[in-house]
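Several structures are given next for inspection.
Next come two complexes built around subunit A: one with subunit B, the other with subunit C.
Moving on to the complex of A and B:
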């Protein structure tokens, strides 16, 4: 995020785009609620009537997959009506003329209203509010990122902030509220195919030399392979390029990746699969080696918040004496040593000191400061105690490009990959539900959260669609796509439109990733989880379906070594 | 006058933490130690989500409770400012669930108390304001957005006073 999470409540206007805080991050949602209490205007862009939409001043209930059409149209109105911050554009940006030309004719609110399903007057009103609040902050989430056109929509949102001068101050900017806990940390630490820790590119010779010197080994200068490209590299590349070993930690691709039938085929064809996790999961069923590691409360470390804030996490409890588990960093050290590179640390502070010594943007975020101040947002470039980090980026209009200017991006809206058709007439979009986190590795093992929601999960459907299909609340239905099918419970809700249904991706039985499409954004390689074509079918024999769910659940849990004695479903009255 | 817990739909984010806290408050900490399938999960309030509103619905602890009036087995009574159900006396006739104008009474099966024929015994379940629980209503204490509050006599007086002020403001000479 360009600005701190704590700044959310001080914005004069929150523009919440494809971000469902209440279900994804209740603690961030609390900031949105507080902003509202403090008098902020809220504009919510989401195809569903999410909690934020309820308290918003405007809800733009756009059609799924029309993101960039709407964003470019908002820009068109801001330019057309002379609401741009011309001084900011002149002094701190480049590429505005080209962008102006792109949106001028083709992105008028009238032109895009068929695609976005939003009345032109609403687009105009939202654009005016955003451009004139004086302090507008954009928050976006997976509703932007999980499309084949994702990075370009982010750039489109950045265009809005640049042209209105909403950068480099308190309570403005653009905030990707990340998908997972510490996903920011994973990126910060270089768990990306193209960078070392601190976003230092592997293809830059000086960077390569710096890390070679620090670690005393030769390093490659080519970017690696993205997680979502693994199936392709196993199934479709020639022998010499094939992936032979897949070392997975803290991840469950056999549950969370799109097109699960393909993922399973890939996993069963890889020579060696290693899984390092706190509990058994779906991927573990394909693993040759399991490395049990400690949970979040059993080890020390540093997490990064989505707003670049480093925070220490501290061990609360010892793992059970007979558990035979190690911390992740200890496992990595031992594997490394066994492979011929002796790696030894005594504690996480030693690791952290190495990280910050190699990353100019992190160098001032010492353990001492994390301890004293609780939270240090990078960049923090000085070890001096007076450098407490950076709450918001781009102060005085200085941007990270070589010329110090923000760049406008002129990009046309593109349709989603797999559109509805006669056989699969409904859009399937995957979403979150509060209470269950990610692939349920943790929350599925929390008894109370399991009591609240359990297998096979729900499919959110418009009541009219339910009555067309003759299905009722709680009834088990079959959801199908070109790639596969699964069974879930029907949840009629007027908060969704008839054209799309919504499922959460953590359920083993109601596994919506059996259906999703592995169409990737060309830059981020994030899959189009938010759009594929599907069909919902009524199941006539409900007794059979209920029994199927029970049997499957027991089967899966047994295969993961879970004690299933006395297994019974909580009564849903 | 009985107090009651009321949710504010402008603050509620529909997270249902209140429902979990309700079960924990009534089952006690043993819930974390026993077999995960060895207890009943029956929150005494329910978060309802509509087009306009997300908010938990729970008992208003009426002064002349309809549920109590219709109860044939004297299972419902007023105790220390709360309307409570005695599960032992409840015969499961469902009259209270039908009589309550707010939908605050739910019939729930007890997983570990069987009827003579082996079926699960069904009883009335409703908010008891966490009677006997330290700190008062648990739902209110855990809400991440402080959307729940305990409404007492003075609060009702304040609500009425502010509405009267509004009425006066609208009054014009005849």
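Moving on to the complex of A and C:
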């Protein structure tokens, strides 16, 4: 996020785009409520009537997959009505003229209303509110990121903030509110195919030289491939380019990735699959090696929260007495050493000191300061105790580009990859559920949390769609796409429109990723989880379906090594 | 009984709420989790923050805790068998070196983890991929 979570409540206007705070980040959602109480205007932009929509002053219930059409149209209105911050544009940006030309004719609210399903007057009103509040902040989430056109929508949102001067001050900016707890941290640490820790590009010779010196070894200068490209590299590339080994660490691609049938095929064809994790999971069933590690609360370290805040995690307990597990960094260091590249660390602080010594933006965030202040938002460029980090970026309109200016991006809206058709007439979009987290190996194993919901999970459907199909609340239904099918429970809700249904991805039996499409954003390689074509079918024999769910559940848990029938506990296999 | 309060960061979403855990160190058990004052959470937690630590007790609900290294000794399709750490590390490093020698470093893909392991483990993993294996094929599930 360009701004801090604590600044949200001080915005005069919050533009919440494709972000369902109540389900994804309840505590961030509370800040939105607090902003409202302090008098902020809230505009919610989401195809579902989510919680935020209820407290919003305006809900733009756009059609799924029309994000950039709407964003460009908002810009069109702001320009047309002379609401731009010309001084900011002139002093701190480039590319405005070209952008103006792009949106002028093709993105009038009238032109886009067929695509967005939003009345032109509503687009105008929202644009005016955003441009004139004086302190507008944009928050966006997976409803923006999980499309084949994603990065360009983010750039489109940035256009809005630049043209209205909503950058570089308290309570403005644009904030991706990221899903998993340490996505920010994994990026910060360079678990990315194109950058070293601290967002230092692997293809820049001086940076490469710096890391070669620090690590004492020659380094590759070509960017790597993205996780989501692995199935392709296994199944469709020529022999000499294929992926042969997949070292999976704390993730579960066989549950969380799109188009699971394809993922399974790829996993079964890779020569060596290594899974390093705390629990058995779906990917583990394809693993040739399992490396058991310590879990959260059993080791020390640092997490980065969604607004660039470094915070300590601390070891609370030892792993169970009968578990022969090691910390993740210890396991990797041992393998590295055995391969002839010795790594040896005694504790996480030693590792952290190496990290910050290599990253100018992190160098001041020492364990000592984290201990003392609790939370340091990078950049923190000085080890001096007075540097407590940076709440908001782009102060005084300075941007990270070489010329210090923000760049307008002129990009056309593009249709989603797989549109509805006669065979699959409904949109399937995947969403999150409060109470559970990602693939559930953590939250699903917590006694109090698993009671909230259980297999096979729900499919949210408009009541009219339910009555067309003759299905009722709680009934099991079959959901199908070109790629696969699964069974889930019908949840009629007015919150969703008739054209789309919504499922959460943590379920094994109601596994919506059996259906989703592996169509990737060309820049971020994020899959289009928010849009593919599907069909929902009534199941006449409900007794059979209920029994099927029970049987499958037992089967899967057994395959995960759980003693379901009271037999002797075996090893996970 | 040595009961201690320790503050840590929630591992269930990017809000980064601060949690005060009460830990019985003699019995190696977490007793309770309550909100701690943090910049982002401001003294509150959601359900996951309050109850999400129970997974560590391995309550055998969905999947089981992995407790020792395991290898399919007789190749794909054969059962996973428990081995010592030395054997596991020897096996993994040997096979990685073979694959690297035969197909080059870019035939190996590593992942970071956006979940519980923390920043240091991610740093070590990407350093391993780049310096020990010799590839930039390292990524994590930010996209998911």
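Throughout what follows, the second predicted complex is superposed on the first by the 564 of 573 C-alpha atoms of A that agree within 3 Å, B and C clash if a C-alpha of one lies under 4 Å from a C-alpha of the other, contacts with A are read in each partner's own complex, and residues count from 1 in each chain.
As a convention for this text, a contact is a pair of C-beta atoms (placed from the backbone, for glycine too) under 8 Å apart; a residue touches a chain by one contact, two chains touch by 3 or more.
These figures come from a predicted structure and were not determined experimentally.
Participant: Give one word, clash or fit, describing how subunit B and subunit C relate on subunit A after superposing.
Facilitator: fit
Participant: Taking the superposition on A as described, I'd like to know which of subunit B and subunit C A:30 touches: first, second, both or neither.
Facilitator: both
Participant: For A:478, using the defined touch cut-off, is the partner it touches subunit B, subunit C, both, or neither? Pick first, second, both or neither.
Facilitator: Neither: A:478 stays clear of subunit B and subunit C.
Participant: Give one of first, second, both or neither to describe whether A:51 is in contact with subunit B, with subunit C, with both, or with none.
Facilitator: first
Participant: Regarding the shared-chain residue A:250, is it in contact with subunit B (first), subunit C (second), both, or neither?
Facilitator: Second partner only, subunit C.
Participant: Please determine whether it is subunit B or subunit C that touches the greater number of subunit A residues.
Facilitator: C
Participant: Touching A:111, do we find subunit B (first), subunit C (second), both, or neither?
Facilitator: neither
Participant: Quick check for you: in the superposed arrangement, does A:334 touch first (subunit B), second (subunit C), both or neither?
Facilitator: A:334 sits against subunit C, while subunit B stays out of touch.
Participant: With both complexes overlaid on chain A, does A:561 touch subunit B (first), subunit C (second), both or neither?
Facilitator: After superposition on chain A, A:561 lies in contact with subunit C alone.
Participant: Check the residue A:210 against both partner chains and state whether it touches subunit B (first), subunit C (second), both, or neither.
Facilitator: So A:210 meets neither subunit B nor subunit C here.
Participant: Least CA distance subunit B-subunit C after superposition, rounded to whole Å?
Facilitator: Across the overlay, subunit B reaches subunit C at a minimum of 5 Å between C-alpha atoms.
Participant: Would you please give the residues of subunit A that touch subunit B in one complex and also touch subunit C in the other complex?
Facilitator: Shared contact residues on subunit A: 26-27, 30, 434-435, 447-450, 452, 571, 573.
Participant: Per the contact definition, I'd like the list of subunit C residues that touch subunit A in the complex.
Facilitator: 6-18, 21, 23, 28-30, 38-42, 44-49, 51-56, 58-72, 76, 79-82, 85, 88-97, 99, 103-144
Participant: What residues of subunit B sit close enough to touch subunit A in their complex?
Facilitator: 9-17, 19-20, 23-24, 31-32, 35-38, 41, 49-54, 106-109, 111, 144-145
Participant: Please name which positions on subunit A make contact with subunit B in the complex.
Facilitator: Counting only subunit A, the residues touching subunit B are 21-22, 26-27, 29-30, 33, 36-37, 49, 51, 54-55, 434-435, 447-452, 493-495, 566-568, 570-571, 573.
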